[in-house]
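Below, subunit A partners subunit B and then partners subunit C, in two separate complexes.
Then we have the complex of A and B:
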């Protein structure tokens, strides 16, 4: 088991290692001394300097806080709306066209409007992130709740389920795999939107602001620090979401064919 | 032993509306079922036998005529009536134990007595040791056992079975038929089973209701006066089975007699070794 996963790990890390090696080599052997990029060592030094100066971790913290705020707001409203729309086909017909049209508007096209309404502070950023988080959750929840098999509804009716039991013990667990797809996407979108919001509505501290300002000051080492951190945080969010999903949907793991 | 209910069906008619046209599904069904009796309902597809069960369980509301359980007209579903569907319909996110307990969610019992009832029924269907298994881990036969336990745990007065073993392989099917018979004898409740397997109908039924399709009507009712457990190989069993099968001979055209072989090996050759 451990031998296999070790081999898997080695296979997966081969390309990153080669890239890192090539990156180091082009500077170490003097193949280039371009100022548009920096050697790997300098990125680490920049990270250490920033960290000591107390600039790095507050920025990361602020970004994460915004991402989570927007995610909770957007995914929460999305979940509630998805359930309401999914439970009643009449409300769904009422809202469906609007929802699917609004969804087509590119997320970044909302920015001018949001910045005018909510300013350039945290409020507008959180609203923007919430908007990004909202759509995947509402659409997937709607689909999951609307497609609970009739066969199961019959079982619930035979057992005399109350409307609340119908919801909590049938609709919600039956829709959970679909809802989770939405929440997972929503989390990814939230983090993307956080960087976008900070970059485009640059004010206050944050990873996006850090990237934006260091680019302006041509500090490529800091830009790369931001880039790497963004990737790692996205990766961590992904792992947390998948672990939560596995835990909540553990019944799906224990399935033999048919 | 649970109380067994009598079921009285009078002038039952049911139609669906298809393309604004009423389409009769059941026409003038009259049937009296005694407490503790096992009724098999056989018929080809489209004879409305599943609709009949859905009406008795209370999942279908609109109909003309009367359906009375112990003299009371049925209104919606009730814990007094249990059903086993052709597909097990277990909730995949609940364990075996939790799936069975679903039937008792709204039963007026202490949680201790619910727990005891669930475990007694797990034992009854032979699934002791699988209490915490997920439905995805069970075979088709085991899943159907859970479904039977779920239907019986609330101690219903009538058990309805909608082609309960139709999706199982032949060996599992005959095994479960035997077990169902034992279980129902213990529980002593009234049962109505819809099937298209005539042998199953004869094996389990006290009476067999033969239905014909379009619209669904009762063609006749056949008594099965054989002692239980029944011997599928006995002459009397075969005679009843053949009698019921004869009702379907018009629907299923007999195969053309095969023409005698005109070439190849001669018949004498075939059996010479």
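Then we have the complex of A and C:
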């Protein structure tokens, strides 16, 4: 490791380390006796207790399952719709006004309505997460397909591409970077929507439910465990999405480099 | 000439017919996007008339309109809109100002970015709603909670994008400035900020959208007034008509907020273009 990156590392860890130190100091010197204050060690103990009691991992698993279910549903529909609309400007105009009006409504405002229509169970949550996952994918796919150069399409037409070839060999590869951007955003939103749905609908087990119940019971240690976990899952989604993108877009660098 | 012959065989349509055809095409072009909303509205209206679904599931458009006039007449809707607007603007202004300052500091000073950037990324990995239970314990469920969550929603995207925007300013712009003997202050105001502006401004717009999202969530979860509360309250009373009014109002407010920022952007960019032209 070079000197510069070592310096970056030292500087980057300074403030988090100071925060941890301050937290520990507040505990060690007994500065506060607030019921809400928990010492750093207790967060680890809480995590261990929860995971031994079999409360933590099933909750995380359920939440991830919901998030993935909703994501696959929403992003799948978004992708198909984005491609279909992107390849026909008349179809796009047919849906554009409706799509953009629905998009205007802040996401979570749909949740109470969805709960009326689909109840408080998993069905409702998945529908809501799908809605959250849908918009970034459909809008970015539309943009990506819309930006396929005219000349390329002309060449494909001259070469008598079938619609499937047009899609698989021209549109999809050309729009892929933009689609990935949409999918990445969609993952982030799916995870956010999962938490929101679990807070608001609050039935069944899940990380969000666990967090929200612990808050109601003033269990600060569990809340902090949950906070770290949601962050860690956000981080993991980020890493997975970027790694997949790099892998699938590798051909691009090759063609450009050659 | 073959072309001339062709013309003789097929008389040209008259100018008036052409104009009509163009007008028809234009009409088709503008009306076409309205078709789907009209179909949906028509089906909705028909469904309400024929009692396909009970008003507990989907109230008819008429009922929603009645509910809207009722909420307007009692002043309830205006009050909720104003309260929500006040909260979102307060939090957003606070958050975006802090975000701008933080982003600018990180973008302009390597030392600041070394110290702060990893921390900001760390905070950003936790989704907004992951923070909510902690903030609720720390601040209670009053106005402070709303201001903090709404501010945080705007702060992170604005800080990260301001940082990226400033870093994306091509170095040779600054070098040209150096050749002209610009001071550091001049370089900042005349080169870096104008060049980074489009990206920074789009993050501010995104920040406002996120602030609005955050406010709606927090009003749904913990509030006794505002548009989010109107939704929860109507939900408890099974008043779907009022819920739909709230959904539309939330959409309209979000749209208007974004449009205001879009107008400001246009104005600022016009000034910039005029500056280059003269």
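Keep this in mind: the second predicted complex is superposed on the first by the 230 of 258 C-alpha atoms of A that agree within 3 Å, B and C clash if a C-alpha of one lies under 4 Å from a C-alpha of the other, contacts with A are read in each partner's own complex, and residues count from 1 in each chain.
One rule holds in what follows: contacts are C-beta pairs under 8 Å (C-beta built on N, C-alpha and C of every residue); 3 or more make two chains touch, one makes a residue touch a chain.
The structure displayed is predicted, hence computed values, not measured ones.
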Which of subunit B and subunit C A:151 touches, first, second, both or neither: first
Subunit B versus subunit C, judged by how many residues of subunit A each one touches: C
Touched partner set for A:251, first subunit B, second subunit C, both or neither: first
Which of subunit B and subunit C A:7 touches, first, second, both or neither: second
Which superposed partner A:104 touches (first subunit B, second subunit C, both, neither): second
Which superposed partner A:160 touches (first subunit B, second subunit C, both, neither): first
Partner chain(s) touched by A:170 [first = subunit B, second = subunit C, both, neither]: first
First (subunit B), second (subunit C), both or neither touched by A:15: second
In the complex with subunit A, residue positions of subunit B that touch it: 57-59, 77-79, 81-83, 85, 87, 89, 91-94, 102-103, 105-106, 133-137, 140, 154
Interfacial residue positions of subunit A with respect to subunit B in the complex: 151-152, 154-162, 165, 169-170, 173-174, 176, 249, 251-252, 254-256, 258
Contact set on subunit C toward subunit A in their complex: 29, 32-37, 40, 57, 111, 114-119, 122, 125-134, 136-138, 209, 212-213, 216-217, 220-221, 227-228, 231-232, 235, 238, 240, 243-244, 246-248, 250-252, 254-255
Partner subunit C, residues of subunit A touching it in the complex: 7-8, 11-16, 36, 90, 93-98, 101, 104-113, 115-117, 188, 191-192, 195-196, 199-200, 208, 211-212, 214-215, 218, 220, 223-224, 226-228, 230-232, 234-235, 238
